[in-house]
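By letter and in written order, the chains are A, B, C and D; residue numbering begins at 1 in each of them.
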């Protein structure tokens, strides 16, 4: 009997999720007898994702692993999925605990929050002004990371976060918001964009404004998309976890839960193949790995992979 | 009759066996028509006889289903308006065919503007030629003015200028005088003479027999989409033409029956509007037909529309059946028993897209429905009763009103208001564009209603109609009342003097 | 075919004769075809529970579509319906966080919809501004207010009883939303086709000036239509909020164009003056069937939208093309 | 007094007032360099508004312009990826845009389907096609050649080429609208379609031409957009069609057709562009921006429509004397 695992992206076409899908296929190949259904809405809306989930429930897939567009709005639908015997986990961007069995964080949120500010601070020995360019204001993981970052700001006394703006994961809006930041804060030293769309747009805006060297763009991005900007100096460094690994792990966990090889309960340990294992905390969350930093020294090595 | 023709010059343009059908209607059923150089041919027929349709066939707007168009004896086809223009056929159409946002010159030359070497519109040449043409028809309109700023008569002159801007051999005029006043009508007649002298063939469509006898050389009559005859004006009588047209004799055209004048139903005191009218006072009695005469643009329609709740007067009051009322909306006017048959039938009268019976019952829905729910049988009965009285010609009452001829649309609009059983009915140019037979039906019905105690206001620019139908006449000029006439003072001279503002002494 | 006759037949054409060649018949054929195709393409399609789940794809949009259909018949349009849902949902969230009980929350949602409709109506009917541009403006304004209130936060924790509207069942697989949809279809169908109010809507859509000259309170009718659209958006907001169990300002984004698509597919002339509620019902079902059927085959949403777009044009174009080729 | 009656003058004053207001809070906004930036940013809106103006004048509407832009942008990016030189890409995307516009135009012309229905349909079809072309994948800065990205940024006389292209398009279209028979025909067809037929102007053909123009401009803008933001994906410029319509309406293009000017459309676009650019700069919370631009649109429409109110007919002599 084939185990059908649906990997649901925030939206189709985003490089990050495409890479994750590759990882999930890798896990399927390793497990054998697993079919991966990679799907998602066309734009990053909860309503669109619910329609996709409804059709997955109708097909009675064995497991759903979703990166949510909205923490809460998916809960009723996912609850119904669980009622119909489908294993539900969230990954990357989570849903509220009652809507899933467990959540796989790409990394731990405090670690990411600390990483993004540290990336900026490392290049500002004398302190300075930084601004945050986020995705949509409703994006769960973005908000968590920014909140975690705010918590550790005490460790960076010379760094001042002057603004948080939202580029809605749209290239043009992010670009304009980045322009606006440089305009409003002429002394801005760094833009932190913890989103792969925002970081590219911000780097482009900095380049176009002729501020390479003055404003450092950092945050979370994909090496393939950032390679040019690292080389031009618009971005000195940025971080990301490996989305292939993330997709791989999500598929592994979903499979384990769907086949009853593991149960999702606080303290449980679930094996994730080549990635080792994860341990669930009291909220049913687990972290996959630490974010990895990319800079001029290693970018070429990874830009061809994801 | 046909034998006379052989002696004459050959026709410039001939139509043979033209058939044109619309869904459910055979508008033209094998008609013929000949136009001769230097002669005016009058095309006569009832509403819906197919006159305007033939004009559209001649100008390339409609394609005939069958039949031939012969230009100088050779068969031609007019696949579009442009090719008809190229062949030297131009027309003043019955409906306005102008553009509000363009200038007068652009309106005249749209579609055939002079160009510069670069292919751009030569604006200077266009303006110059436009003012030339306007001057030639005696219109003092600036070619640079925007059309939206012009009054209705000026617009019509622009339409005429537009037709003349084409170097044409055949000029068609479809009811060209319907929107013109006195002075301009005179100038139009002069223009027709000039065109005749230039050897152009003219087709002239009109419901007014006086002007037909004045300017036409020949006549052609259509009835129900069919050709019934043609001939020379000389030696023809009006009665003969009317008989051919209607298929029966029409004796009494203005059958005003004496009616008992009752108590006042509507008193208007001091009605004023900042730009349109001032100090309007009059009283209307039950059973009375009160005529409103004036030149086109005198402001009669504006006064009537303010009585109907369309525009609010800035000053003044009106008393209906003893009660002072402020009419803010048309719904309030209808409730108070005042109804208005508008002059601009296409825009304000007919709801095109709705069937005839629904047009009729629109203001009476409260009566034909129960608890807000429609009752189709009631509606149909009401519509049938009233349209029958007005001799409506239609395929069925659930036919879209847009498919009726102009005159028949007017009948539906009149029926619509009579069906509300009003106290006061205001008819604004009720017989404009209506054929002689239907005119009689409308007049007859008006008299009958007055006899039953309905108070009628009739706005009209036709003196015979005003004099024939009214118990009393009020004349308006430039937004004010210029005189009131009853009994022996109701003479054509008095009305015209008051309308144009000439003092008796000056004339004498 | 005759020349305009002198005697008018003493009855109306039978409605059955007209129904045969109507748009609705065409849509019904399309709907049945799609249903059969779906049943053949996926083994999961003919499952009552799945069909019941699938109804969520269209019920909320269709509720608004009925009111929108009347508005479009009258020659107006409301592009702010999605934004009204967002604002109504936000208002409900505020009411909830202030401790309102379930009936109160619902009332707040409907009331907000009504107010938004009144605002649109006042601008269009009162000031005489064109509705398409007014509602492009209020689309930003209403949703903008939601953003001001909520920012990046969300309202969650609606009372359990509130979940009934968007997640409850009335009987077996029949959801509450489906029942609301059916009732709305009935009410709007009667309103548009059987009442004198409906008749005035058609009159206004065909010629608003002549309607006014016929003693119809045109502006009042327009205002009422905007109110109805606002209230139905409020109803949809209650259902959607209940179904999602939470409110964010981005809720229901893009709804407006989907609602308009349903209305137009339903045979309502976008130029005003014609269209029927049964047509809209069928169009909503067709849209629901198409998206669900393709969803079962895991076709990406955007490819579905190609199908919907092609359907929209095709259903109108094909009959015209055929009659053109025939003549 | 009479100058205030012109809609364009009122709008120009409104833009000036807006700039003064912004300058009060944030003087750097009105520096020439920044204004040039605003103009550059607004160029896509201006270009599309010009095309939309032509379409709206003929009593139609084109909701597919943004999707057309996105599709042409994606095709430009794909061509660049395939090594096609820019001199070929540019005419190709303009032709593609015009072709997509022609599809709209043909459906409107030959089958008489209302434009809003046609373009609502083609809007989703065009976007879907982008997805089919790339399977949803993004094309990012590093996948685009430098020459491709450089053109819109190149600065000539203090203005980037992108802004110059907009300026050039405005001049050309203003000339065409005023002096080409086709330009005048737009007004005739929208003002009185019935009468246009009588004047030998084909309504359908003119509408077709307007759609082709709007499409060609969308195609050109598609390249500019992708080159400027250095990214192409399915969703670029989603929802932009409503901004374009809003710009036209603010600029006094009558949605019922037949009335409006090029100057109006350009100023409508600038008005929106300035608001969109200024809000983040002036430090207004991002959560307030949507409501503010919505209110600005409403106020602009209200002022515009009320100012244009028909004064009615003037019959009384003394009233005529007063004006």
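We adopt the following convention: a contact is a pair of C-beta atoms (placed from the backbone, for glycine too) under 8 Å apart; a residue touches a chain by one contact, two chains touch by 3 or more.
Not measured: the values here are computed from a predicted model.
Engineer: Based on the averaged CA atom positions, which chain is farthest from subunit C?
Structural biologist: If we average the C-alpha coordinates per chain, B ends up farthest from subunit C.
Engineer: How many angstrom lie between the centres of subunit A and subunit D, each centre taken as the mean Cα position?
Structural biologist: 36
Engineer: Would you kindly tell me how far, in whole Å, the mean C-alpha position of subunit C lies from that of subunit B?
Structural biologist: 43
Engineer: Using mean CA coordinates as chain centres, what's the subunit A-subunit B distance in Å?
Structural biologist: Distance between chain centres: 74 Å.
Engineer: Where in subunit B do residues touch two or more of the other chains?
Structural biologist: none
Engineer: Going by the contact rule already set, what residues in subunit A reach two or more other chains?
Structural biologist: Within subunit A, residues 12, 42-43, 137, 166 contact more than one other chain.
Engineer: Would you give the residues of subunit C that are in contact with at least 2 other chains, written as numbers and ranges?
Structural biologist: Subunit C, residues with two or more chain partners: 147, 151-152, 300, 302, 305.
Engineer: Which chains touch, pair by pair?
Structural biologist: A-C, A-D, B-C, B-D, C-D
Engineer: Under the stated contact criterion, what part of subunit A meets subunit C in this complex?
Structural biologist: 12, 37, 39-43, 45-48, 50-52, 54-55, 57-60, 70-76, 80, 96, 136-138, 143, 166
Engineer: Would you mind writing out the residues of subunit D in touch with subunit C in their complex?
Structural biologist: Checking each residue of subunit D against subunit C gives 63, 107, 110-114, 116-118, 120-125, 127-129, 131-132, 136, 234, 242, 245-246, 249, 255-256, 285, 287-295, 297-298, 301-302, 305-306.
Engineer: Contact residues on subunit B for subunit D in the complex?
Structural biologist: 59-61, 80-82, 85, 93, 95-102, 106, 110-113, 115, 119-121, 123, 151, 162, 273-278, 297-299, 302, 311, 478-480
Engineer: Looking at the complex, which residues from subunit C come into contact with subunit B?
Structural biologist: 1-6, 8-13, 194-200, 202-203, 205-207, 209-217, 273-274
Engineer: Give every residue of subunit C touching subunit D within the complex, in rising order.
Structural biologist: 79, 123, 127-130, 132-134, 136-145, 147-148, 150-152, 257, 260-261, 264, 269-271, 300, 302-303, 305-306, 308-310, 312-313, 316-317, 320-321, 324
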